[in-house]
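Shown below is the structure under consideration.
Read from first to last, the chains carry the letters A, B, C and D; within each, the first residue is number 1.
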Amino acid sequence: MLRYTVRRVLMMVPLLVLVSLGVFALVLMIPGDPAITIAGENATEAQIDATRERLGLNDPVLVQYAAWAGHALTGDLGSSLFSNESVTGAIAGRFPVTLALTLAAMLIALLIAVPAGVVAALRRGRWQDRGATLFASVGISLPNFWVGILLIMAFALAFPIFPAVGYTPISEGVGAWARGLVLPGITLGTAVAAEITRQLRGSLTDTLQQDFIRTARANGLSARAVVLRHGLKNAAVPVVTVIGFQVGFLLGGSVIVERVFGLPGLGDLAIRAVLQRDIPMIQGIVVVAALIVMLVNLAVDLSYGWLNPKVRQA
Amino acid sequence: MTNAVNASGATPGSLSSRVGAAGPVAEVEDLTVDFRLRGGVLGRGDTLRAVRAVSLEIGERETLGLVGESGSGKSTTGRAMLRLVEPTAGSVRLDGEEVTALGRGDLRLARRRMQMVFQDPYSSLDPAMVVGESIGEPLDVHESLSRAERSARVGDLLEHVGLSATYAQRYPYEFSGGQRQRLAIARAIALHPRLLVCDEAVSALDVSTQNQILNLLEDLQAEFGLSYLFIAHDLAVVRHIAHRVAVMYLGEIVETAPTDRLFDRPAHPYTEALLSAVPVPNPRRQRERERIVLRGEVPDAANPPAGCAFHTRCPHVMDVCRVEAPPVVAAPGGGTVRCHLHT
Amino acid sequence: MTEPLLVVEGLEVEFATDRGWVQVLDGVSFTVGRGETVGLVGESGSGKTVTSLAVLGLLPAESSRITAGSIRLDGRELVGLPRRRMEALRGDELSMIFQEPMTSLDPAFRVGDQIAEVVRRHRGGSKRAAWARAVEVLSTVGIPHAERRARSYPHEFSGGMRQRVMIAMALSCEPKLVIADEPTTALDVTIQAQVLDLLRAMRDEFGTAVVFVTHDLGVVADICDRAVVMYAGQVVERAGVDALYEHPRHPYTEALLSAMPQLTARSGRLATIPGSTPPAGAMPPGCRFHPRCGHGVDACRDTAVAEHPLAEGGTSRCLRVSDLALKGSA
Amino acid sequence: MTATAIDRREALAPPEPGARARFVRRFRRQRLALAALVYLVLVVLATVLAPLLATHDPLAQNLGSVLQQPGGGHVLGTDDLGRDVFSRALYAGRVSLVAAAQAVGVAVVLGVIPGLVAGYAGRKVDAVIMRLTDALMSFPPLILAIAFVGVLGPSLTNAMFVIGVIFAPRFVRLVRGTVLSIREETFVEASRSIGTPTPRVIVRHVLPNALSPLIVQVSLTAAMAMLAEASLSFLGLGVQPPDASWGSMIERGFRYTATAPWLTVFPGLLIALTVLAFNVLGDGLRDSLGREIRRGS
């Protein structure tokens, strides 16, 4: 298991290099002269030259990359072109909001998906299964901003149970904080719940048809023990994979949900950076998002080792 | 039916290999196949020697049975002979032509003379194609026929294996296991090959179907003068169809012999144990038989025992077996054996 | 005389298909005495596996149903037994060994845990005691270093060893009856010989009755006391093995026997049974074997045939049972 | 009896019955997928025939009748500039569908060929392609899209190109996986054993058998691409005014959530239904295709 872990962690190194290259390449893709874009359309020639110098754009590309990556490794992602605020600082300030939103969404998704998926697999072909399948199909098809708007119409405007917009920091009370996360969490979690339900249903259905399930039944284990002990553990690998995948979607979706509900998170920061073409800020956000996804994938892969003993040796 | 069946066939089990004046159809010399295993700390794999210096020959219209348990390398030997896996060393000659030396293009041409029938009738036909397409594929690759000629040939092949020519437009899933195996045979004989490697070709079938296929193979041999390498783990089937038999254990041939000699007077302790392990379908005889139950299992091929590969399970093991690999010697009554008991 | 350990009587099973419910077992009856080994023989599609799953109550609930008949274990009716009561019996009083040793063990758990789970389910007791029992049965079935090997996962065992683990699990609660469904088909002959020896030893040691489901007449000759031959969802012949092989009383049995390739001498042409087993739902009228039978008369075509009891014991489902002299195996 | 003289035709029993029954059953079970297909055809037709079906000029502003409720002269009401929502939705649908098609096209082109190469070429090429794919998959899709659009400048074409690039790894993985498993099938080895050249093996055996999962994935990706387009347009990074897509219509209507809910409800419903249709169609195809390969193995 240790060897597997080490190998898996080592595998991240080339991935990190590739990802950082990709992020760095964003600057190279700016159409025309990035210095003009960055300094602004109305900048003077001198200002543009200064910008070019400051950004090191006169250096060879590899040197530029090395400088940028070297700083990034120390946690210095540069500073905003507009506010001069440090990118790392700005991200750190916004991160708790997005983290809270993402966790809320995942929690809601799991609370819906696990029972729904299990019941669907156990009652295959009956109304419970059809209901879960319908939920799964519809859930992944709804645009989440639309769901958010509908929820606001229903539960903030028509029946004002939850706040329509805004974020209450946890320091101002856990209750208010949690209340503010309910609608955004549902908005963001619906599609994830649908996706996990789908995968769990499929994977558990397959597992329950395996020979070893028949063995367990032939030895008198109760239906409950068969499903919960032997079924779920063996069905878990593809489900965990999907959950890992969903983290990327949650981060992307949070951009939208933060916009709809006016939450001051990373997504909100990203939109502003994009509208202002604040390149270092964009790069910083992408790097952080990719890093989170990679760490989650690492955790997912390591969990395989526990779920499937064969992986440990491989 | 025009192609009357020659049921009498040739007398099986004649003592010598039927190598005529023209020489054997297939000659294999010191064939060795290594597989690289994945794994190891840095993905640096170990090697597994699946086939160790195997030599054999198959004469015209001869069926050589190749028997052994799983992991013995019998299937790999068959595949390496057709270069479906690349041999690591050794030579394979087909009608005197060195198959192992052929370049890509020549090998493709040579393939029309050596064909294979696979074990699993359910995956050996492309499910996305009507069976006429699958059977006709060798013709498409090697001969340029008009549409009419091609469909006539395919129909003829179907009839030859006992199916109706009208089945050409059906999909594989419409056929039973036995019928699929007939289709696979039709594809294999489409180009009138010299050598047909049958890799466990009847193992997946019920007894009654299995016999139909075995009879079919015998008929086709008589009709087209085919030579067979018949790979199987079922000894009773091999006894029926093979003229000579080679027994493999852990990548090596431990005994070869004309069929009757092998079954009546096995020379190698492993052959003896294999034969005694097959229960005979007669309770009284089965009760009276002396059974040799080998202990343990086949050792790991990646890490074979020193000396004689069989010594870990051999009931007659001697000190010399543990250190020295036995040479191949002539066996009493014909054939060869690789055992210290005979040296 | 008390009733035999297992009595199956007039068992009828239907499966759900596109064309509605289709009968797959028709009036299957046989018995198994205490400590006896009975072979359930037939080719694919004969219904032998369905029969064994029915006895264990393992037929899929949604797509199959028992429409008639009775299955009694030790005098207790199993058909219609509530699910929980049936669960409590399985693994305890009767258990099953399956064909595929490679896939029949849960890959995610240590083999010792899997056996201990069964022990605790039926015998209760501490985890430690159950584990000790698991190690004990593993060593009984000839797993070397059982103490250590109990901590291994299924993929760390060879096929033969996994089948031993399966047998250990099936025997862990000392059941009265074990159903072995083609337990050696996936194994090499030398390993098959080991496993057959093991089953014999277990039967002698625990007095367990065994239903041995197989298509291999050699295996039946080797290990069984009596045989039940099935064809197309029906039992066609029941007899003690000596009688069955030497004087088969049903043409299908004769055909099967003559089709077995022999180790001893090369026959001329191999005997075949023309045609193929009819699929469920498309059974021919009259005797189900008549389209493939060489002894058929007109009556076979339209008269459904009942099982005829034989003077020497056993039954045959053949109209001409009294006037046919059939060939046995040499 | 059984040792009769051999009749080669003993195997002439007709092929296993029920092939047609199975097809009919499968077809019947896909009623939902069929309905989805019909719906999609109707939507495509409606957007193609938009000029004929539109009741108003989609761009014509009428400040005299802003934010009118559905009914009356405007089936689906009017927006804040007095434009007819129904007519706009028809044209916007065109934009949304074309955008989705563009993204799927890019994803297929960028995905299938590397997937085939990775699956068929040796370990090294495979490793390189898969590492690149992993890297691309490490980015949260929408964030990467936003970043690219931020750098390249907001435009629907840019956005959908990027979405296509982001979805390409799914096709790489799918095609590679399918190729790897088909390569292991005996029928491919059988084809090689008769001397079939590799390109022909790929074209005749590998591709046709990889096609079913590919078609399924195209349908599912179209659904995701529509959602992505809607999201980007909702953020103002996709389609630019005065053109509209369903997503940008919602963005505009969002400001009037309290007073004119129809501005968000109708386009949202259209997106949801269309995406649902692609998903249902994809699932239906998956269930009815590809079963034969698994059968018996």
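Everything that follows uses one rule, which is that a residue touches a chain if its C-beta (ideal position, glycine included) is under 8 Å from a C-beta of that chain, and two chains touch if they have at least 3 such contacts.
Keep in mind that this is a model prediction, so the values were computed, not measured.
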item	value
Comparison of A-C and A-D by number of C-beta pairs in contact, larger one	A-D
Chain whose averaged C-alpha position falls nearest the assembly-wide average	D
Most distant chain from chain B by Cα centroid	A
Length of the line joining the C-alpha centres of chain A and chain C, rounded to whole Å	53
Between chain A and chain D, centroid-to-centroid distance (C-alpha), Å	22
Between chain D and chain B, distance of the C-alpha-averaged centres to the nearest whole Å	48
For chain B paired with chain C, centre-to-centre distance based on mean C-alpha positions, whole Å	32
Interface hub residues of chain C, defined as touching at least two other chains	255, 259, 269, 271-273, 276
Of all residues in chain A, the ones touching two or more other chains	none
Chain D: positions in contact with at least two other chains	6, 10, 13, 16
Residue ranges of chain D in contact with chain B within the complex	5-6, 8-13, 15-16, 19, 185-187, 189-197, 200, 204-205, 208-209, 211, 292-293, 295-297
Complex contact set, residues of chain A against chain D	14-15, 18-19, 22, 26-27, 29-31, 137-138, 140-146, 149-150, 152-153, 157, 247-253, 255-256, 259-260, 270-271, 273-275, 277, 279, 282-283, 285-286, 289-290, 293-294, 297
Residue ranges of chain B touching chain D (in the complex, touch as defined)	1, 5, 7, 82, 84, 107-112, 115-116, 118-120, 122-129, 134, 137-138, 141-142, 160-164, 167, 170-176, 178-179, 182, 184, 187-188, 190-191, 212, 215-216, 219
Chain B-facing residues of chain C, complex	43-44, 158, 160-161, 188-194, 196-197, 215-223, 241-242, 245-246, 255-257, 259-264, 266-273, 276-277, 329-330
Interface residues, chain D side, partner chain A - complex	131-132, 134-153, 223, 227, 230-231, 234-237, 247, 250, 254, 257-258, 261, 264-265, 268, 271-273, 275-276, 279-280, 283
